[in-house]
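The following pair of complexes shares a single chain, subunit A, combined with subunit B in the former and subunit C in the latter.
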Partner chain A sequence: MMAPEPVLTSKEDLIPYAFDGTAALSQMPGAVVFPRDAEQVSRLLQWANRERVPIIPRGSGSGLSGGSVPTPGSVVMCLVKLDRVLEVDRKNLTVMVETGATTEAVATAVGAANLFYPPDPGSMKISTIGGNVAENSGGLRGLKYGVTRNYVMGMEVVLPQGEIVWMGNKCVKDVAGYNLKDVFIGSEGTLGVITRVLLKLIPKPAAKKTMLATFAEMEKAAETISAIIAAQIIPCTLEFLDRTTIKCVEDFAHIGLPLDCDAIVLMETDGHAAVVAEESARMEQICRAHGCTSVHVAKDDTEAVQLASARRAAFSALARVAPTTILEDVTVPRSELAQMIRFIQNVAKTDQLRVGVFGHMGDGNLHPTFLTDERNHAEMEKVEKALHKIIEETIRLGGTITGEHGVGLAKKRFLPRQLGETQLRVMRELRRVLDPAGVLNPGKMFD
Partner chain B sequence: MMAPEPVLTSKEDLIPYAFDGTAALSQMPGAVVFPRDAEQVSRLLQWANRERVPIIPRGSGSGLSGGSVPTPGSVVMCLVKLDRVLEVDRKNLTVMVETGATTEAVATAVGAANLFYPPDPGSMKISTIGGNVAENSGGLRGLKYGVTRNYVMGMEVVLPQGEIVWMGNKCVKDVAGYNLKDVFIGSEGTLGVITRVLLKLIPKPAAKKTMLATFAEMEKAAETISAIIAAQIIPCTLEFLDRTTIKCVEDFAHIGLPLDCDAIVLMETDGHAAVVAEESARMEQICRAHGCTSVHVAKDDTEAVQLASARRAAFSALARVAPTTILEDVTVPRSELAQMIRFIQNVAKTDQLRVGVFGHMGDGNLHPTFLTDERNHAEMEKVEKALHKIIEETIRLGGTITGEHGVGLAKKRFLPRQLGETQLRVMRELRRVLDPAGVLNPGKMFD
Partner chain C sequence: MDSTNTSAVSRLKGLDYRVLQQCMHCGLCLPVCPTYNDTKMERNSPRGRISLARAIADGRLDLTPEYAREMYFCLGCLACTSACPAGVNYAEIFEHARAAAEEARLLNSPLRRLIRWFTVKWLFMDLRRLLFVGRLLRFYQAIGLQRLIRGSGVMKLFPKRLQELEAMAPDIPAKFSAQLIAPVTPAQGTRRYRVAMLTGCAQDLIFSEVNRDTVEVLARNGCEVYTPPRQSCCGSLHGHNGEYALAQELARRNIDQFPPDQFDAIISNAGGCGSHLKHYAQLLEHDPKYHDRAHQWDAKLKDVHEWLAFIGLAPIKDLQAPKQKVTYHESCHLCHGQKITAQPRQLLKAIPGLDFVELPESNWCCGSAGIYNITQPEMAGKLLVRKMEHIKATGASVVANGNSGCLLQLVNGAKQTHQPTRVAHPMTLLAEAYRRADKAAGKS
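Here is the complex of A and B:
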C-alpha cells in the first residue's frame, strides 16, 4: 500500500474516527490516514480504485448529518494536517488556505489584515475550511452575508480517480465553461477531495451593535422578524431561542437570561456607524411595536459577546440534558416561519416529546432539537414519526429538508421526497461519471 | 411535427434569427418556433430527440459570444413569448418571472415595490432574464452587487430529453443534494431550456452619487482603482473608457466629454446617505491624490444618468466607426489591471490595429474592442493573432478568457487552454449525461 504516513490501525486509535457530531451514528473504519498534500491524496485514491476500498474524507468531524461516518472496512482520510493559511492577498481581497485550516484560524489570519471572512458555523473553533466547503456551511451571519458558497472563488480538488484539478481564480467574474466549482461545494465529500481553497474576503465592518429582545409569545417574536425584513432592514444576525432552550442555556451558562419568556431574539447589525445606529434604533422600535417584554442593547463588545454566547451555547446546553439529542435543520421561506414553529410545537405536544427550538430565524432556518434517549426504542420511534411530520410540513410550505447541515446519512431517506426522481437521477449519473468505482464516501446523500 | 405555433419558415422571416449580437457570425436556421409554456418546450425537445434535429434556444439575441447563432438545419426556439412577471413577493424579497421577460421589465416591476434587482447588463433594455441566466450576465454594478448567478434562487428547466424540473425554492439557505442549479446558470443553453426563474431581490438603496474623473495617463487611472479597493471601499460601479472610446462616444452622443485625456473613470456609490457622502468624498480625494486632471460629481439624477450614459454608449459608439467590431471580454485579478491594459495597448501599437478599451475596471473585466473590417482579410488575420496574444497574457496573469460574455462560438477555441483536459472531460461527460442525442445548442462552448 502506498498510503501516506502516519496510519492508524489499532482499535483505540480508530475509535475517535468512528463518528462525527451527529447523534446515534457510528461505525469503526479499517484505518485512518493523514495525507500531507494533494499528491498523497491522489495516490491514496488511485490505490483505493485499484483495491476497491471505500475512502471517507473528513476534517475535524464536527459535521451534523453523519457525512464523515465510516462504512465498514473503509479508510478514513483525515485532512487536518493540511492546515496552512498560505496567502492573504490585500490587493485582491482573497485568502488561500489548505483544506484542514480551521474556520477560526482563517478568520483570525484575515482579521489581522483588517479583512473579514463572514461565514461562522457554530463549530468554527474546530471545523475545517474543507469541511465547511464540502457541507456549504452556514452560520449566524447568513442573513446579511450568505454562506460558505458565496465566498469560494477557487479550489484544488482531487477527483475520485486521483486527478488533481484547480477550479476558479482570483477574478471576480468568470464565465468560462460550466460552473463545476459550485457542484463540489456542498457535495459532502462524495465527488472529490478538496485540498486547497481560495476565499473571497470583504472589508471589516466599522461598527456593530448587539441586542437581545424577549417575548411572552413565540408568535410575537416571529412577527417581529417578518416586520424587520418588511422594513427592508437586513441585519447580519436574527437568531432566536424558545422557552426550553432558554432554560437549558441558563442552567448551563448562567448568563442571566430571563426564564419567564417564551422566546428570545438575538439581533446584530454591523457596518458603517451611522447605519448601525439607525438600524438598531429602528429594530428596537419594531420589537416594542410588536409587544416585546424587553429589549436590551449591549453597551460594549464584552457584553455583546456575552449576549451572543446565549445563542452560541444553545446546542451544547440542550445536548447536556438528555442522553441523545436529535438536531433538526429544516428551513422554510421566511414568510412561513411562525407557521412552522407552531407546527413543531404542536407535534411535540401531541406526541409528548421534549423539543427545544432555536435557529437562524432571519434565514427561516430552524433547529428543533429532540431531547431523547436512543436506548428508549418506543420514544425513538415517536421521534422518527415526528421528524417525518416536520419534513412533510416543511416541503408543503415550500421549504427544504436541510438548510445547512447537509444530507449525509441523517437526511438520506428524505432526499427523494425533496428533489423528485429526475433530479436524483441526474445527481446519480453525475456521481457515476466522476466516481465510476464508487470509492468516495459511498452511501452518503444517496446510494 | 408537434411544434407549437407560430412557426416561421420563410427566408425573410428567418433572417433576423440567423445572428445575435456577435460580429461576423451568422447562419440561417431551418425554422423558428415560439413556445408559450414549458409543456410546449418539452414536446419540441422530445420531437427533436426523435428526429435528431438541433434546437437553438434564444431570447432577444443580444448575446456577445455567438451562443444563439443557429447550426445548419436547426430549429430556433425563441422564448420571448414567455414574458410575464408572475409574482413580486415582498415578504420573502423574491420575484418569479418567465424566461422571456426583459431585464428592464423585471427591474421596473420590482422597483415599483421599492425593491431592487441589481444585475444590469449593457443590453438590459432588450435582453431577457432567461438569456441573462443562461449566460450568467454581469453589468455595471458587479463590483458591489455581483452577477446574475448571485440572484437566482430557483428555476424551472426543461432538460434536453424533455423532462421538466424545478430546482431551488424561496429559502435563503438550502443544502439538499448537489447544487445542480448553479451548473445550469451560465451553461449557455447547452444543458437545458430555462422557462421560469425565481430571483432574489434586495432593498432599494436610499441614496446614490455618480462621479466622473479624468486622467492624463491610463496608469494613473488604474492606480486610482487599486487605491480605492485597498482603502476598503467597494462602490457599486468603477468603470472606465480609454482615449479612443472617449472620442467615439463624444462623436456619437455629444455629452461634452473632455477629449484631451487618456482615461475617464466613472464611479458610483449607493446605499445609506451617510455612507454615500463619506465614500464619494474619499473617492474624490483618492482620485486627486493619484493625479486626476478633474473630478466631477453629478449634482442630480439627471446629470448622473448623463454621466453614466457615456459608459453605457461605449459599445454602440465604437461599433459606429468601423464595419466590424470585435469585442473582447478578458478578465484579470484586479491587481493585474494596469499591466493588462498596457499589454493590450502595446499589442495594438505593434500590430498597427485600432482598439478602444473600456470596461468594468473594478472587476478587472476589460472590453478591448478591435475596430476593423471583416472584408479585409489581412487585417482580420492580424486581429486574430492579437486576440491570441491577449488571451495568453490573460491566462499568464491568472485571469479568464471571458468575464461575462460567455464562450459560445467566439471563445470556443480558447476554452481548452483555460480549463485543461480534465475539467473539459468532466464537462463533456456531464453534457452527454443530460443530452445523449446532442440536440441542444450543439457545437457551442465545446464539441
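Here is the complex of A and C:
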C-alpha cells in the first residue's frame, strides 16, 4: 500500500478507532491511514479496488449513526491531517477548505474576515467539514439558515475507483447538467471521499438577541414553538431541553439554568437591530400567551455564547446519568411537535424507561435519548422496542427517522420502512455504478 | 499473564463501572488535548486513552508496555476534564493506569529505574534530602562551578539529554522557607483566621520567596499562619507517577502534622499540589483510621487564591503605584484540576497600577506537567514554545502563575527565547504591592 506515514496497525493504535460517537457499536479496523491530499486518497482507493479491501472514510469520529465505525479487516481513511483552510474569498463570499478542517476552525477563519458560516452542529469544535458534508449536518441555527447542504457550492471528490473530480464553482447560479454534487452531500462516505469543499458565506448579522423561556410542562413548550412558526417568525434558533437534560447540562456548565421547570426553550433572533427587537418582543409575547413561567434575556454576548455552548453539550452531558445513551433523531412536521413529545413521554412511562429529550425544536427535530446501560440486556431490549414505536409514530405523522445524524448502521434497519422499495432500489443502483467493487464504507446505510 | 500483571489489571477493572463506562466517546475533549492536537492520532487523545483503559478492563487488551508509554505521553494536564460534559473522572483513570503500569513493571529500563528511584522514591519522600540536594546545587551555582563547567564545554561530552537537563536545573535561592518564615506568623491587625501553610517541596527548594510572600499576604489579611519548618511533600508526584502506596504514606504524614480540626483552612500556593491535596479522602478511601480525617482535610484544603478571594482581600491603596502590564498563565491543576480561574485574575486586578491582559490559550499546558519536561522533552518543548509566543504577543512585562512547576518552565522558556518577561507568582506581586503601598503611606 502506498500510504504516507504513519500507518497504524498495532492493537493499541487501532482500538481507539473501533467506534465513533454512537453508543454500543464497535469493530476493530485492520489499519488506519492519514492521507494528505486527493492524490494519496486516489492511490489508496485504487489499491483497495485491486485488493478488495473495504475503506472507511472518517473525520473526527463524532458521528451519531456509526458511519465511520469500521467493518472487519477494513482500512480506516482518517482525513484529519488534510485540514487547511485554503482561501477566504471576500469578493465572492466563499471559503475553500480541505475536509479535515474542523467546523470551528472554518467558522473562526471566516469570522476573522467578518464573514459568517452559519451551520453549527453541537459537535462543531471537533466535527470536520467533511463529516458535516457527508452527514449533511444541521445545527442550532438551522431554522433560519438551513443545514450544511445550503452552503456547499463546490467540492472535490475522489470516486470509489480513484478518479478525482471537481463539481461546482463560485457562481451563484449553475444548471449545467445534473446537480451531481448534491448526491454526495449526505452520502455518508458511501459514494466518494470528499477532499475539498467550496462553501458559501454570508455577512455577519448586525445584531442578535438570545432569550430563555421556562415552562412547567413540555407540551406547552412544544405548542409555543409551533405557534411561533405559525406566526411566521423565523428566528435563527429555537432549541429545547427537558428537565433531565437541563439538570445534566447545569451540572456541567454551572451557568445558573433554572432547575425548577419541565422545559426550557432557547431562542435567538439575529439580523438588523430593528427586526431583532421586533421579533424578540413578539416571541416573548407568544411564550407568555402559551403559559411560560418566565422569560430571561441574555444580558450580553458572553451570556448568549454560554447558553449556546451549554445547549451544545446537552447530549454528552446526559451521560452523567447513565453510562449508555441511546439517542434518537426523529423529525416531524412542526405542527406535530406536541403530539410527538406526548407520545415519547408515554412510551417512556409505560415501558419504564428513563429518557431525556432535547432538540432543534424549530426544525421539528427531536433527540429523545434513552438513558440505560448496554450491559443490562433486558433493558436494552425494552429500549429497542421503544425505538420501534417512536419510529412508527414518526412515520405516521409524516416525519423522518433521521433529521441530521444519518443512517449509518444505527438506522439501517429502519430505512426500508422510510423510503420504500423503489427509492431504495435507485439508491442501490447508483451506488453500484460508482462503486462496483463495493469498497467504500460497505454495509452502511443499506446493503 | 503473571500475577503482578493480573493485580495491576484488576486495578483498572475496579474502575470500570464508575468511570470508564462514563465516557460516551463524543470526542468533545479532543480539541483541548495538547497531545492529540499535536499528533492527531486517537490513541494520544483522552477518548483514545480511556478506550484503551476500558479495553484492558474488559480483557480485550493486555496491559502492554505500549499502553504504559501512552499513559506517560499523556501530560495529565486535565484539560479534558474541563471539556467533558459527561463528567468523566479522567484524573482517576490516569493515576490508576500509571499505577497499574508501575505494578506490572512494564517500563523497566535500568536508567528509568534509577531516575524514578532517585526522584520519586528517594528525593521527594523526605524534605531533608531535597534540601540537601538543593544546597548542593546552590553551592555548585554559587562557587561559579556552573559557569565554569558550562563555559568549558565539558557538558558537550555528555549525551544531549543530560546537557538539556543541566540547563534546566533551577537557580536555587540563598535561603529556604524555614530560614525565611517563622513557625508561627501572627495576623496583622485582628486575628480573623488561623491557617496552616504548606510550603511544599519543589516550591520550597526553588521558590522559598514565594512562600514567604504568601505568608506575608495571608498575615496582612487577618490570618495567623502556622508554618512548621519540616514538612512533607504532598505526594502528587508519587500519585501521578504510579506510586500509590508512597502517595498514601505522605498523605497520612501530612494529616498527622496538620490536624484539620485545628485550622480554619490549610493553604496551598501551588496549583499542582493543591489539586492532589484536595483528594486525600479518595486516596485513603480504604484506610479506616484516616478516612474521616481525610474528608475533613479535603474540606479545609484551600488554594491561596481561592481562600483570599473567599475572605475578601484587604484593599491596597497606592496612588503612585508604577504601571505594569501583567498577563496570567493558568496552572493546569489550578484551572482544570481545581476549577479555580476567576480568583487569581480578581486578585491581580486588585493591584494598583496593574494593567491586566488576557493570555490567549491561557489554560493550555506549558509542558511542565510534573516531571513531564524531563521524561518527554520533545512534546514539552513544543508546548513551551507555543506558550512563550503567546506571552510575547500580549506585550506584558510580567507573566503571573500559581504553580512552581510552571514557574520554573516559564523561567526556562524566557531564558531560551531571550524574552525579558518576568515570571512571578501572584502572591509575590501582591506582597510587593502591599509593601509599596506601606512605603508610599509612610512617605506622605
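Keep in mind that, in the parts below, the second predicted complex is superposed on the first by the 445 of 447 C-alpha atoms of A that agree within 3 Å, B and C clash if a C-alpha of one lies under 4 Å from a C-alpha of the other, contacts with A are read in each partner's own complex, and residues count from 1 in each chain.
To be clear about the criterion, a residue touches a chain if its C-beta (ideal position, glycine included) is under 8 Å from a C-beta of that chain, and two chains touch if they have at least 3 such contacts.
Because the structure is a prediction, the values reported are computed rather than measured.
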Note to self: With both complexes superposed on chain A, which partner does A:L419 reach: first (subunit B), second (subunit C), both or neither?
What the structure shows: first
Notebook entry, point to check: Should A:Q352 be classified as contacting the first partner (subunit B), the second (subunit C), both, or neither?
Noted result: neither
Margin query: On the A-aligned overlay, A:T302 touches which partner chain: subunit B = first, subunit C = second, or both, or neither?
Written below: neither
Check: According to the contact criterion defined above, which of subunit B and subunit C contacts more residues of subunit A?
Finding: B
Checklist line | Partner chain(s) touched by A:K125 [first = subunit B, second = subunit C, both, neither] | finding: second
Check: Which of the two partners, first being subunit B and second being subunit C, lies in contact with A:D20: first, second, both, or neither?
Finding: second
Item checked: Set intersection of subunit A contacts, subunit C complex versus subunit B complex -> none
Checklist line | Partner subunit C, residues of subunit A touching it in the complex | finding: 6, 8, 10-13, 15-21, 23, 34, 60-62, 80-81, 102, 104, 123, 125-126, 248-249, 251-253, 313-320, 323-325, 373
Item checked: Interfacial residue positions of subunit B with respect to subunit A in the complex -> 89-93, 114, 135-136, 138, 142-143, 147, 149-150, 159, 163, 165, 167, 169-180, 182-183, 185-187, 191, 202-204, 226, 229-230, 232-234, 271-272, 274-275, 278, 331-335, 360, 363-365, 398-407, 411, 415, 418-420, 422-424, 426-427, 429-430, 433-434, 445-446
Check: Hey, which residues of subunit C end up touching subunit A in the complex?
Finding: 17, 21-28, 30-31, 40-43, 45, 47-48, 51-52, 55, 60-61, 64, 66-67, 70, 84-87
